[in-house]
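In what comes next, chain A is part of two complexes: it sits with chain B in the first one and with chain C in the second one.
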Partner chain A sequence: MPKNSYLPWYFLPGTTHYYENVLLLNKHSDRQISQYPVVDHHFDAVVVGAGGAGLRAAFGLSEAGFNTACVTKLFPTRSHTVAAQGGINAALGNMEADDWRWHFYDTVKGSDWLGDQDAIHYMTEQAPASVVELENFGMPFSRTEDGKIYQRAFGGQSLKFGKGGQAHRCCCVADRTGHSLLHTLYGRSLRFDTSYFVEYFALDLLMEDGECKGVIAFCMEDGSIHRFRSKNTVIATGGYGRTYFSCTSAHTSTGDGNAMVTRAGLPCQDLEFVQFHPTGIYGAGCLITEGCRGEGGILINSEGERFMERYAPNAKDLASRDVVSRSMTIEIREGRGCGPEKDHVYLQLHHLPPQQLAVRLPGISETAMIFAGVEVTKEPIPVLPTVHYNMGGVPTNYKGQVITHVGGEDKVVPGLYACGEAACASVHGANRLGANSLLDLVVFGRACALTIAETGTPGEKLSPLKPNAGEESVANLDKIRFAEGTIRTSEIRLNMQKTMQNHAAVFRTGDLLKEGCDKMDAIYQSMEDIKTFDRGIVWNTDLVESLELQNLMLNAVQTIHSAEARKESRGAHAREDYQDRMDELDYAKPLAGQEKKSFDQHWRKHTLSTVDIKTGKVTLGYRPVIDRSLDQEECSAIPPAIRSY
Partner chain B sequence: MSLLRVCAFTSKRLNTQLLFVDLSFAGCLRTASGAAKDKEPLRKAKTPQGRFDMDDEKPKDPLQKFPDDVNPATKEQGGPRGPEPTRYGDWERKGRCVDF
Partner chain C sequence: SINVLIVVNRVYQVVLRPTLACPVSTRGYKGEASDDSRGDLIEIPLPPWTEKDGETMDMKRRRLLFQSRKRGMLENCILLSLFAKKYLNTMSETQLRQYDRLINEPSNDWDIYYWATEAQPVPNVYAGEIMDLLKEFTKNKDQEQRLDAPNLEYLDKGSQ
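Our next item is the complex of A and B:
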């Protein structure tokens, strides 16, 4: 029977067996944990998450001959990668002469010198080969007249290390690049023997002696617990946009991978770097293009005032994104927000001639009607700053292996890998450039597969695992399933989202962040008082949403505490009270004669955050940025400089 | 017991055979009357499935496809429809920004 058929687990021959564990009694009740049937599976590799990165890793491993399982809580083509409509950057050189080293420079500069240059070197060097590989898989890129892949100018890309003008590097598939990427990868993966475990919610990593030995997951369809034992586990679970009230991500972007790593006692990296966009539609989360303001649209507050004139007298509404986001947030904080809760502002377009709108911005009336329910030629659109991408995540090296920082040195965690938005390699550093994240998915998905193929062999015997491994996860699941507190999951989630939106969004100052930290700690404690309603075990969405809320909460507390601690402005993390970047040398002035600041005194370093699960206390550590490229002769590293465009 | 089963089995087969005969007979009638030559599509009942087949309420897409799918200005084949998505610095489609 082919392993890749969507049969229930009890039909899969040979790889599963029913295993009755004797687990501890759950202290919270007199229910026996042994009531939960646990099934053990043995695989050579397990991939958690089936988005762009997860699928690429899964079939890369299957292609290399590994018996691979892909555990996902969504059907692969429903992952959030499908919503990525932008393009993918690669220095193919089809429109003009191009060099991947120029792409490397642009990415390092875009990351505000917080990106690890070896990982960026790896990504930009592999980019042309990855795009050509995708095209060979059948991804229908748009073409030039000669039949080469058409590339357009996008996302801060330049030629000749910033001195040669705009570069054309962005390849796309009509207007559905992410959708096409996901379907191409999924279709390709069906050629190989990957076992898909769809709608299995991964609860935790099975760690023993600091080594990852697999994943424990919960089948949403029938409520059984599954332990996927493997020597290699790849985390590709995506970002955590849903910690904020307004985000572009799907409801399923809940940072499950980051939370699993945190619960395993490992650190997460750079979680305070969250990318915002100023004009996201209130309630829906879709972003309205800057072109609206470019064509004459204006932002107004509850008094009908064009408030951007006060914040940016010359550029007004055409000021840069971060200035606009901060101005909007200040207006909302000072009580001039619109709507019943005064938590957003309006984007007004009805003063423009409707004909001009229809010609210059076709489709905007449809978008405004569907997502905001407004007639754009008569009413303004409610907007507020919206989360789009998480630069931070599980720290890895350029090969995709998860690392911790022990005794001043990076140490690889055996058996654990991460790729995609969930990982922090770190290629995006403090700010992500447009069209680089799809590239990040395929390059590092492939890197994880290659590293596992290099360091292991298919069919290797697994080391023994304690028979009661994973019981805390099952105990937690049982506790949530029968939770009888007073506050509902949706209320706690809304509290968390509003707090994060008010305190840890674009506008960050010391007092606001400290207040937010205290509020978040209280909300974390309120999770003890959670109330769920559905006591069943089959397709219990109340239970799954509460587990997702636990994951979101871990991401949220780390984000806000890391942001509060970082006393500088770098990339997406901009603070009003510390407006400059604090590097080891002041790069705005001539370097000769300057004394290098010690590691504790400057901020050009990665934040590593860990959480004590019971108390919610966040502990922060730091690790240095990797400033060497993989090969100094092939591509010299870029020394830090002031970032200006 | 087994006799009953045999009877049930045979009757089922006969039933399906009768149905088959019925259908082909109806088909013969239609071709005879010339109704099958009708160019009009079959009117389906107003069931939800039937309603979806009638697409007279389909809204006109504001972004028109290029002739032969080739953008006349940039000569791009298979590219995004409508005006250039990156003209405002971000990737815009139908007023929505999808990447920046």
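Our next item is the complex of A and C:
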């Protein structure tokens, strides 16, 4: 602690002072001072997040000779990518003749024409090469008899532009594709000397004059502050499922990257598009596979009725995911929900023979017993449509560079890149197809690395940075650490989650959304009154969870305000009061003779949202969808049409 | 040359392995097939896990609390944070070190879930008191509803 004589006379209460690598905060009128040692690092590139996308970017950069740092709050193989059990889509053509242009068509259609076709072109064209590359890195894909990579069918994948039947393009590693991906990339990147900073929580971006000059993070192990200065910062922090009461995501999906970008004054894109999976366990949110319904399981309401017969007379319980989700929600809203609060429905399996349950669906019995206390051979499982994926995020172009929209033009933010679920390239548009997410991770992780390698050189000198850069982030951390309000972190978090679940879930109408917006604004304000209890600085889980709550709050307000403003139904955003898509032309009717609606009058556009941090006020803007592919001759863009399966 | 690669990898692993009294499980990764019939399974070694030195019991508990609550998938987040709530503050030093190893050494979080639910046999290196406690806890004999990871405030001395 420097002697008082070194402290400047102007070190008044409420100010900070940076002296000899220690940041001092003078907080109270009795000159109580918090001190945080600051360590500065210089790297050619910094990646925030060590999931599939972060590791692929870090590995690509290290391989290209860039001195790379990877800052992560979790050990790399414990990132949420490990939960992925599906696979990676790629038009390798091992099971039947295939063409990446058919995959392109499926993805554009799946996105309900909100996806940027240049980014989708890039992703589907690069897919086969990316999978082969992973295979060469040592990823042990499941194989067919003749040794080629085995590919299985998955939802939404077709041949010949939707006219040739089901396509088999999903490559997997048994049921542990996510883990295999992480392990392979982590192992490889270590050979190229990537520096990993594990269990460091990234606080904010270091922005100066609209350029990103690095990241400031705090080390959980010893409470020190680290500034990672770099010309290239890649955000790969994942999604923000935890804004909802019920989600399939781990407790680590807190939208840290989106919040960092918002605090830097940059917009986030399409946050209202949140994908729901029909059957997650009530409360816990753990996924119950669609296979249960495939084996004969049925959904029932409080009257014991198999209600899907009314909503989908043919497909019944096996109708498409968004139809099932919406039906379940209507039943609950009309008062036929189950349980003491009548807020979920039941998935009944006990009418099936016990041997069938044991053999075909063994994991379900365990999960139901552990997380719902339910014996599946005797009782039904409580389920609810559950948040599963965030299509929205930090807006980027197809090269992975973060963009803003100024004067009607896309403008690149220098020094900042994003990939994975945190980014919005936008390849998934309004709805994501299964097995496209892992593909998104590897293709755009690699794209960020390639773009950085193209536009820079290793060992480049860094531009100067103000000596007290990042002090607001540390001041915020200190404020949260010593917060003495009246509302506990867990209470505010529960309020936010229940509000989002009740007002911005599968069922959305104008009144419900408007009410939700007002409630969320009030909850945002209640953050000023937050109360934490752990005052330590080393391994302070309370502090980390409160910082994560701040991040979640920013994501939640943008999501609900964007949803309230969007007056149409498209993909995963379905509104009861505006049930149709509103495009620039009515694609349900013949196009000849129709007049194109102006940009302000239709909804086939991306939402860009920003937040005033102090007041919590959300401002919305819009940006057009990119309808051209990268090369019209190689792959012509798909014009919008009515989406039916 | 693939065989050379595998041998080189295995040697690399042995060299990296610290000399510990107890058997060390390798953190290398093999694909799904246990028999390498095509001879192309490449074992990719990760740096072996080592125990942290010079940590007080209190610090260990705080670290393990964070590491129990923040896992790769939801099932483990809920299970381990509830387990930590029940047992972490009363674990002895040996038990803490066993728990530390159990939740930090395995590379795939799903493995911990399968061992706890007894869907797969527990490797010998992880068998012990803590593993037994975890398996018993997972059975949920009292059939309590496990809706979510608990809030942290059970640790708040001031509220008690």
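Throughout what follows, the second predicted complex is superposed on the first by the 577 of 645 C-alpha atoms of A that agree within 3 Å, B and C clash if a C-alpha of one lies under 4 Å from a C-alpha of the other, contacts with A are read in each partner's own complex, and residues count from 1 in each chain.
Rule of thumb we're sticking to: contacts are C-beta pairs under 8 Å (C-beta built on N, C-alpha and C of every residue); 3 or more make two chains touch, one makes a residue touch a chain.
This structure is a prediction, so every number in the text was calculated from the model and none was measured.
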{"item": "Which of chain B and chain C A:Thr377 touches, first, second, both or neither", "value": "neither"}
{"item": "Touched partner set for A:Ser79, first chain B, second chain C, both or neither", "value": "second"}
{"item": "A:Ala435 touches, of chain B and chain C: first, second, both or neither?", "value": "first"}
{"item": "Contacts of A:Arg188 with chain B and chain C, given as first, second, both or neither", "value": "second"}
{"item": "Chain B versus chain C as contact partner of A:Asp542, first or second or both or neither", "value": "second"}
{"item": "First (chain B), second (chain C), both or neither touched by A:Ser249", "value": "second"}
{"item": "First, second, both or neither for A:Ile288, with chain B first and chain C second", "value": "first"}
{"item": "If touched residues of chain A are counted for chain B and for chain C, the larger one", "value": "C"}
{"item": "Chain B versus chain C as contact partner of A:Asp534, first or second or both or neither", "value": "second"}
{"item": "Touched partner set for A:Thr455, first chain B, second chain C, both or neither", "value": "neither"}
{"item": "Shared chain A surface residues [contacts with chain B and with chain C]", "value": "83, 140, 142-143, 173-174, 286, 362-363, 366-367"}
{"item": "Partner chain A, residues of chain B touching it in the complex", "value": "59, 62-63, 74-100"}
{"item": "Chain A to chain B touching residues, read off their complex", "value": "83-87, 140-145, 150, 152-155, 170, 172-175, 277, 279, 286-292, 294, 321, 358, 360-368, 388, 434-435"}
{"item": "Complex contact set, residues of chain C against chain A", "value": "29-33, 38, 41-42, 44-47, 59, 62-63, 65-66, 69-79, 81, 104, 107-110, 117, 119, 138-140, 143-149, 151-153, 155-159"}
{"item": "Chain A residues within the chain C interface of the complex", "value": "73-75, 77-83, 138, 140, 142-143, 147, 173-174, 176, 179-180, 183-184, 186-188, 190, 199, 220-221, 247-252, 282-286, 362-363, 366-367, 369-373, 488-490, 533-534, 536, 538-542, 544-545"}
